[in-house]
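Input: structures, listed below.
One chain, chain A, links the two complexes that follow: it is found with chain B in the first and with chain C in the second.
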Partner chain A sequence: MAHVSVPMYWRTIPQRYRMVGQRCRKCDAVNFPPKGVCKYCNASFEFDEVKLSGKGKVHTFVLIGAGGAPPEFAEQEKAGGMYPVAIVELEEGPKVIGQIADVNPKDVKMDMPVSTELRKVYSEEGVIRYGFKFIPEELSR
Partner chain B sequence: MTKLSIGISGYGVAVPRLRIKKDEYAKAWGSFQASGVSEKAVMGFDEDILTFASKVSKRALASVPLEPGKVTRFALASTSAPYVEKVLSGTIVSSIGMPDGAFVSDHTTSSRAGTEALMAGVEHVLANPSGCALVAAADAPKASMWSSLEHGLGAGAAGFVLSHDDLVAEFEGHATYVCEHFGERFRPRDDELIRDLNVKKYAQSSFIGATVKAARSLLEKIGTKQEDYAHVVIQQPDARLPRAIARKLGFTDTHLASSSIAGELGDLGAASTLVGLAAALDAAKMGDRILVISYGSGAASDAMSFKIVGERKADPGLRSEVDRKQYIDYIQYLKLKGAIK
Partner chain C sequence: MKKVAIVGAGQSRYGDFPEKGIKELFLESYQDMVKSVDKGMDSRRIGAAYVGNLGSGGFQLGNMSALVSEFVGLPYIHTVRVENACASGGYALISACMDVLSGAHDVVLAGGVEKMTDVSGVKQKYWLGVSGDTEYERLAGTTFAGLYALIAHRHMHEFGTTREHLSAVAVKNHKNGAQNPKAQFQKEITLEKAVKSPYVAYPLNLFDCCSTTDGASSVLVCDAELAKEFTDTPIYIAGFGSSSDYLAIHDRINTVTLEGTKRAAANAYDMAGLSAKDIQLAEVHDCFTIAELLACEDLGFCEKGKAGQFVEDGHTQIDGDRPVNASGGLKSKGHPIGATGTGQAYEMFNQLRGTVDKPARQVRDAEIGLIHNVGGSGGTVSVSILRR
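What follows is the complex of A and B.
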């Protein structure tokens, strides 16, 4: 991940803090994260806001460790050890990338049900960047 | 005019998954200084009091259930906020989707902040019959690893919905005792860590004196007696001090049993009495009374009385949060606490 400026990050708060996506008025598909033009029909830029459930299942994943973390996550890897990053298929359809927290990395499985909660993603310029991470579904409620 | 009853309509709790046992301290330092604490909860690298306040707020609303859009007042309590200047409530309001016109307040200067926030919610609902307050206390106090004060410091959070409707526990009244006291637990503005001067008797006499005075004046004010209470929740800097206070007030260990959390979770700072209250609510039966007594150094104590009028319980309850755990060693603890730079 490259550097994301504070104003750029701020604009993404609804999607990062509470999973706000958009439903295409033309093809009805749900876009997450929000897009300028619908990713599914490529023919519409008119959307309705929709709050996603945050629930989904692991489509694929990788374990990041041994110095493999990008700079903004290097400290996390050093302090907390190896961490899983997954592409999760949300129940509304979109596939999104995110860390899986509150889990022993060895216990992450394909198709594992997950949900989202607010976590610290990383800090830059003294500003804590909060956002969703996935957690195993049985821990949420 | 008939008195309109208000109180707790729902609640939720959360405890971080990581734990450290007292043996780890004994191995590293040769002793462990928090009486009666056998292990304690530790926040992970990507957790802080705001992520926990968000979690318990969501759980408290879901337990009623209540739409976030209905909240008219939000109060946050913690002594270990990630920022000294910034509206902390903004993070929670935004992550939950509460109305941007809700009145918010951040309570951060002592371990009494939990009941301070709870009372702010109570006063809002008393003044606004259609209002609905959400109160969240989350804490993970930090002290120097060289200080014995650090040994007991744990982590946890609880959230409460207060309103006129659909009550679980009716609010019966409160009393406060406040005085000037210094040199116990404190944090000068340029310090990141709390400290004390390690004069135990001096600190404890204020702690015991203030809590006993607040509790006695509450009982007198609302006309209840010791035998009316099934559960007594007292601020828990360790697992022993609350027992001394309970005895002075004429209560026994049985009264403390349902809310005794320090032994497994440590000192939860501003979240101590609110997580304790949630634990008491989990165990309480219809008609039970709960007495809550907080303490904040500096010094003040709030006493609050509740009566159980509904059957609703938190989901997950505190017990399942306490039982879900993974142990870490002292080196991992130092890294997570940022003690190794």
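What follows is the complex of A and C.
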């Protein structure tokens, strides 16, 4: 497995559980995932915390099949078949990668509206890692 | 200002060689390089070696360049392992050029080596998906096939690029690779077979992907003033450039452009005093078929979004007006990660000297060629322009 230690995962929990981003105090753009320096103006490292809505639309996606899954996700592919991974354009502006859950892979479409929910991502070192996944908007309550 | 010349180049066979490790593979390419130096060379003149390597398998992560250098008879030199994922070799070449231009050493070895088939398929994928933004891209469940599929899908959506356009790249590169005695896959494939092969990461299928490969390559560069001591037909490095980009695709300005390629090329064109239209042939980084389409666009060979048609129309065939990957490319020649960049230089050196091993692969009377090497999904890119 690409070794992601428990502490390494732990440090990203604000993003993975609550989608906490950064609003740049200089140019007002929202960075997510976080950066050391604002990626829009490259001129400020002063941010205000902003909790994102988790809503957005599918910018592009892939259906990961046998041979395309990393070892730590191979079991998921074996058990459930191809799984969709998307880059979603969030309504606050930034794009972010994540899996789409609760959907037949055949029904994933470009520009499809999605929201986010906390789900099991995978397990390593005997610890289940949770994080956001995207859910088609029509299914979420 | 000083200039840099290539006076020798060698490549091991690419493929699956259980009997050879990194030392033996590197030696094979080094000896091939030595043989190519027309007037002979004394290894004591080599003052430095830059060796590209990702470290696949993880068995020699520390001090590997010193190890392979001493194994081929080069102890007591300045040597560094260069690691920029799949672009390690291209950057090793640029490091060697910078070394010569700085005046620190006047004869320098640039090379690369990778041993990928020692480890099981599962471990292999562990090592392959580690050059993106691991925290996000890997943990979303992707390896490189998946990341390039994200780019490909958006390219298809925005520009109407088709399944057949992607497969046309694979068919062309297998056709060229069939004429390359050092290639991993020396057989042609039909468009039908390429189109129908099973999906690895939809929309990319098996024949859109490069494979895993053992191999090594070596290139000897020197101060151009000394070149004629080694050969009467040196090849000059007219320009080079490189650029990094955001590692994660989701962080980039544009999903369907490799900004690193555009900027690396702009620097190389500028240094050479040339533009895209002057490039007569190219070896580009086609780790996945979509990557060759992006390269044609971002290097300026055709308009953005039009590369599918450009390839389908035959412009990039060996007898076309701009041959691309006459060697078979990564797709068919193979992609031993750290060795790929200097392997491209080996091909271009021979193309421009007219010394390609099989006439069917020789592009006639070319004077100016470009090599392009990409790390990961575009996080690092190097471009060099070679000239007769």
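Here is the rule we go by: the second predicted complex is superposed on the first by the 139 of 141 C-alpha atoms of A that agree within 3 Å, B and C clash if a C-alpha of one lies under 4 Å from a C-alpha of the other, contacts with A are read in each partner's own complex, and residues count from 1 in each chain.
Everything below uses one rule, namely that a residue touches a chain if its C-beta (ideal position, glycine included) is under 8 Å from a C-beta of that chain, and two chains touch if they have at least 3 such contacts.
Because the structure is a prediction, the values reported are computed rather than measured.
Because the two structures share chain A, they can be overlaid on it, and in that overlay chain B and chain C fit beside each other without clashing. Applying the stated contact rule after C-alpha superposition, one finds that A:128 touches chain B and leaves chain C untouched.
More residues of chain A are in touch with C than with the other of chain B and chain C. Of the two partner chains placed by superposition, A:47 touches none, neither chain B nor chain C. In the superposed model, A:17 makes contact with chain B only, not with chain C.
Contacts of A:101 after superposition: chain B is touched, whereas chain C is not reached.
When the shared chain is aligned, chain B comes close enough to touch A:118, but chain C does not. By the touch criterion stated above, A:74 is placed in contact with chain C alone, chain B being left untouched.
Once you line the two complexes up on chain A, you'll see the smallest CA to CA distance from chain B to chain C is 12 Å. Of the residues of chain A, those at positions 76, 99, 121 touch chain B in one of the two structures and chain C in the other.
Put simply, chain B touches chain A in their complex at residues 17, 44-48, 50-51, 54-55, 58-59, 62, 82, 91, 94-97, 315-316, 324, 326, 335-336, 338. For chain C in complex with chain A, the residues that touch the partner chain are 122-123, 125-126, 129-130, 134-143, 145-146, 149-151, 153-154, 157, 198-204, 206, 246, 248-251, 255. Within the complex formed with chain B, the residues of chain A that make contact are 13, 17-18, 51, 75-76, 78-80, 99, 101-102, 104, 117-121, 128, 130, 133, 139, 141. Within the complex formed with chain C, the chain A residues making contact are 1-2, 4, 8, 12, 33, 39, 59-71, 73-74, 76, 82-83, 85-87, 94-99, 110, 121-122, 129, 131.
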